[in-house]
Amino acid sequence: MNKEITTEILEEWLENVRPYAYDGQVADYIPALSRQNPEELAVAIHYIDGSSIHAGEIEATFTLQSITKVISLALALMDNGEDYVFDHVGMEPTGDPFHSIYRLEQLPSKPLNPMINAGALSVTHMIHGDTPDEKVGRLLSFVHEMTDDHTIGYNEEVAASEFETAFLNRSLLFYMKQHQIVTGSVEETLDAYTKQCAIEVNVPQLARIGALFANEGRDLDSGRQIIPKHFARICKTFMVTCGMYDASGSFAIKVGMPAKSGVSGSVVASLNGFGGIAVYGPSLDEKGNSVVGLRLLELLSNRYDLSIF
Amino acid sequence: MNKEITTEILEEWLENVRPYAYDGQVADYIPALSRQNPEELAVAIHYIDGSSIHAGEIEATFTLQSITKVISLALALMDNGEDYVFDHVGMEPTGDPFHSIYRLEQLPSKPLNPMINAGALSVTHMIHGDTPDEKVGRLLSFVHEMTDDHTIGYNEEVAASEFETAFLNRSLLFYMKQHQIVTGSVEETLDAYTKQCAIEVNVPQLARIGALFANEGRDLDSGRQIIPKHFARICKTFMVTCGMYDASGSFAIKVGMPAKSGVSGSVVASLNGFGGIAVYGPSLDEKGNSVVGLRLLELLSNRYDLSIF
Amino acid sequence: MNKEITTEILEEWLENVRPYAYDGQVADYIPALSRQNPEELAVAIHYIDGSSIHAGEIEATFTLQSITKVISLALALMDNGEDYVFDHVGMEPTGDPFHSIYRLEQLPSKPLNPMINAGALSVTHMIHGDTPDEKVGRLLSFVHEMTDDHTIGYNEEVAASEFETAFLNRSLLFYMKQHQIVTGSVEETLDAYTKQCAIEVNVPQLARIGALFANEGRDLDSGRQIIPKHFARICKTFMVTCGMYDASGSFAIKVGMPAKSGVSGSVVASLNGFGGIAVYGPSLDEKGNSVVGLRLLELLSNRYDLSIF
Amino acid sequence: MNKEITTEILEEWLENVRPYAYDGQVADYIPALSRQNPEELAVAIHYIDGSSIHAGEIEATFTLQSITKVISLALALMDNGEDYVFDHVGMEPTGDPFHSIYRLEQLPSKPLNPMINAGALSVTHMIHGDTPDEKVGRLLSFVHEMTDDHTIGYNEEVAASEFETAFLNRSLLFYMKQHQIVTGSVEETLDAYTKQCAIEVNVPQLARIGALFANEGRDLDSGRQIIPKHFARICKTFMVTCGMYDASGSFAIKVGMPAKSGVSGSVVASLNGFGGIAVYGPSLDEKGNSVVGLRLLELLSNRYDLSIF
């Protein structure tokens, strides 16, 4: 395990990438996200041995957004098994934007993978629970287990705001309902999904989640198997093939880490034998990835040879 | 005006095409439609001079379904003017199935024409009226005027059944709401649309509607201008370029009449200087057009040289 | 037959639309076309009774380009019959640009109609003749018959220049060869096609061609049937549904004439019971249609009520 | 390094998967490939320490087909540098079949990645050399260096046969020529490409190539850097995201090895710190991957925990 990265190095590098904070745009499709401060930057590494380092505004919290697609996938796999999950959502990367709908019109009408919105919505639909709140409650408990922090909740304002304006996700859900990929109430699935996306953490917590995936799904302290190794691996595979929206291919080439980003400007990477890395910087590039996050992970990867390829 | 077609000829020809009644399938996506009897056939011609002939089960009523797309377009043009309407829906035929969504993903996100579902939903949305029932009430009054029959209503069972299962139309509506093509309540627009589709007539009434379009929008008896000539012409143009789903091109070649079909198995044709022709035969081909309807219109067109081309 | 349009009216209207000559762009993809003078405008009407009027630079010649798609279709129908032709090319309008390839990837791999390039190339391939020159020779003879002018040939410079740069058409041809829509030498079919597109006429000749289609395929003077009525009708149908590239739908609404345009800036319209109208004005809009041509036809249609709808 | 796999184990496992040899179909689009014997199976492992084991018909030779896409990419990167290469071909996986053309119609017209045919053709075009034979000669020299075997050549019959029937690849090339992604002679680029695809090896040679990529591009014996480490990594990244046609995503989930397959029925995998694995079994599944190859790699991955995720 490479542990030569120190707090000082993280702090220095965070300053180096700070100028990029204004190269992109803070997400503006909901007011709560548009109020994020592009200068608020933070990074944390949680090593697989349980130790951790960080730099920047580590108290800053942010909603996980698309990063929760990986977490809900893990829970859905544990709830339903691999066969059921992949009967309803595919395994192939697409090269399309995350909100794209046209592929659903190609038979069989099944979302190509669990990282695009259509697939992620169908995954949330699969999580066990009779009500949206029960699903979200189970998802939060799962996050509490992974982080060993039972205070984590979701941001109600963000959830409510996204729920209100999620017309495209409703379109995807109704399309999938027509083709029996999802059943039941579209509004309830969307309710669960928007609350899921609004789960709020800081970078140390997120880095620990990344480390748990890197640790084959075992708790960093107790060694308890929280996610079966095989399912943790499936999640990391999707992080490589489609974790960074339609920039996943170039991220794999340039950085080479299993990683997932969210439109709040956060990114988590998960490296076997190393640990988890979380970056927060709300300014996004045109694909929806954190500009500072990409830059920092690329620097770390190149300097410390962290690519898995 | 060619008036050599007699009742006897219509009766004879209806018998000739009767064997085709089992070549297709009755629409089965809602119970009320699936109960239609494929042997129930009827045809009517309403001449532009006000006279009419018919054959078959002319008392049989059926819901107009997609045929109402032409009627709602006429009303939306009268309510909003040409510029407003075509700012929200295009004029181009597509070659795609009526329920297709993928074109909406190509910028600008505007339905290609008012005859595909996406376009027809946006047209219904434009009809003036504060509530779905007010919109539908205005549409019914418009139909009453056109047919001079104030008893025409909509089939509540069919409307309710379609409303319940219209997942694809909800998907289209939410997609368009995301792109500001429609605003307000999706459920309300869909409510109006499904009631519109369930308007119930028989072939003599439908033939009169066709004749009114052929008569430049003027009432067949009083000569009163019910639809401005220019708007009647726009409607007939769409009937040629995209009135028969994705078989519009071949219908134009083989039959050459401005016509619109609905999945209940009805077709209306509108021929300037001649009048309107309506056919009912619920068995559908794979494109959603009445098998008997197509066959009968093709025979009439070839025998009496009715193609406009 | 409406014959109230006089030479003086044509001359006056041509002056009225002259300011639009600079609203578009002359085609620039081959040098020979880019040298066209946007101020060179001409219009001719050939009435169905054989008389004709014209205005502007009627001596100016231009290559027919896509307008030949209608002529080659007529000859291919006469050579092969309707069934054979439509086994290899469809009848549906598309809403796509003329050079589009993606639809060929949707099974069955058959061009949607004979007016897009893929379809037109397959039509040229069907024209009888052992060599490109034999095909083109037969096509020229056919044009000579239609115009009663045996001096018409093709512009060798334009043909050679287009042949050299027709990479997209080669792409379409090889794609169709893979799917057995065309067979034999791609270069030979392209040779015939580029020579076909380079056939050179002036507006009086082109108006006469339009009139012949309007006259049910019969020669304007002798009454001899040059094109079977049914095939002439098929051609006029395609002129309505897909004659003006992906602006065919809006042209049908606004003008309502069966018409075909070419990127040299020429347009021909064909109106049953009236005759043919040809306009030349090389400045093109973004869809590839003559700006002056569209404007003039729209004025004529509105003023003299020439829409067929 | 895990070296517990023995020759006996390989032999036993090859027998275990032998029954799958008839589950797929031998490629039949060219005679030379269709003559392959589905029962001819072979596997080899070349460890990173230079040792190797194998089982089955290791003398059997086969053409590399799409596997050469990885090799030509490495050479094109060395010839042109990373920036130039990725100005002409993208980095994103697609989810489309390898022969797909429709994405090229989406701007910018650039192949999405170097593993689909469009991208691979543009990569071959980039390899330095004034003539096809010079390009192929340089590619063969590169293969000789990687395998330390200077007898390797290409199968002239296969190359000639593919050249003759490669209509789809010509279509892709002309489409790209239109958009300046490739320049010069399409026939010459295709000549080079078909000869490249026909390079003929056996599994021990192919496993050594896989091992060289695993060894950061260094020769297995001398340690000489044959491919710069960074370029070897780029190639392995594409093997993960798009190496197994439109089954790359599911292969990453189920097997988790950087790998590339070819329609001759061969697959090569490259595992850092381990070595290269090559399998040959000409029976293909519907995606074009060797049935036996997939099965054997999946067994090895699961049993010896070889997934990189």
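Going by the order they are written in, the chains are A, B, C and D; count residues from 1 in each one.
What we mean here is this: a contact is a pair of C-beta atoms (placed from the backbone, for glycine too) under 8 Å apart; a residue touches a chain by one contact, two chains touch by 3 or more.
Note that the coordinates shown come from a computational prediction; the quantities given were computed from them, not determined experimentally.
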item	value
Most remote chain, CA-based centroid, reference being chain A	C
Inter-chain centre distance, chain A versus chain D - centres from mean C-alpha coordinates, in Å	32
Rounded Å distance between chain B and chain D, as computed from the means of their C-alpha atoms	55
Mean-CA-position distance for chain B and chain A (Å)	48
Where chain B touches two or more other chains at once, by residue number	none
Which chain pairs touch, all of them	A-B, A-D, B-C, C-D
Residues on chain C engaged by chain B in the complex (per definition of touch)	90-96, 103, 112-113, 233-234, 236-238, 240-242, 246-250, 252-253, 256, 258, 272, 307-309
Sites on chain C touched by chain D in the complex	100-102, 104-105, 167-168, 170-175, 177-178, 186
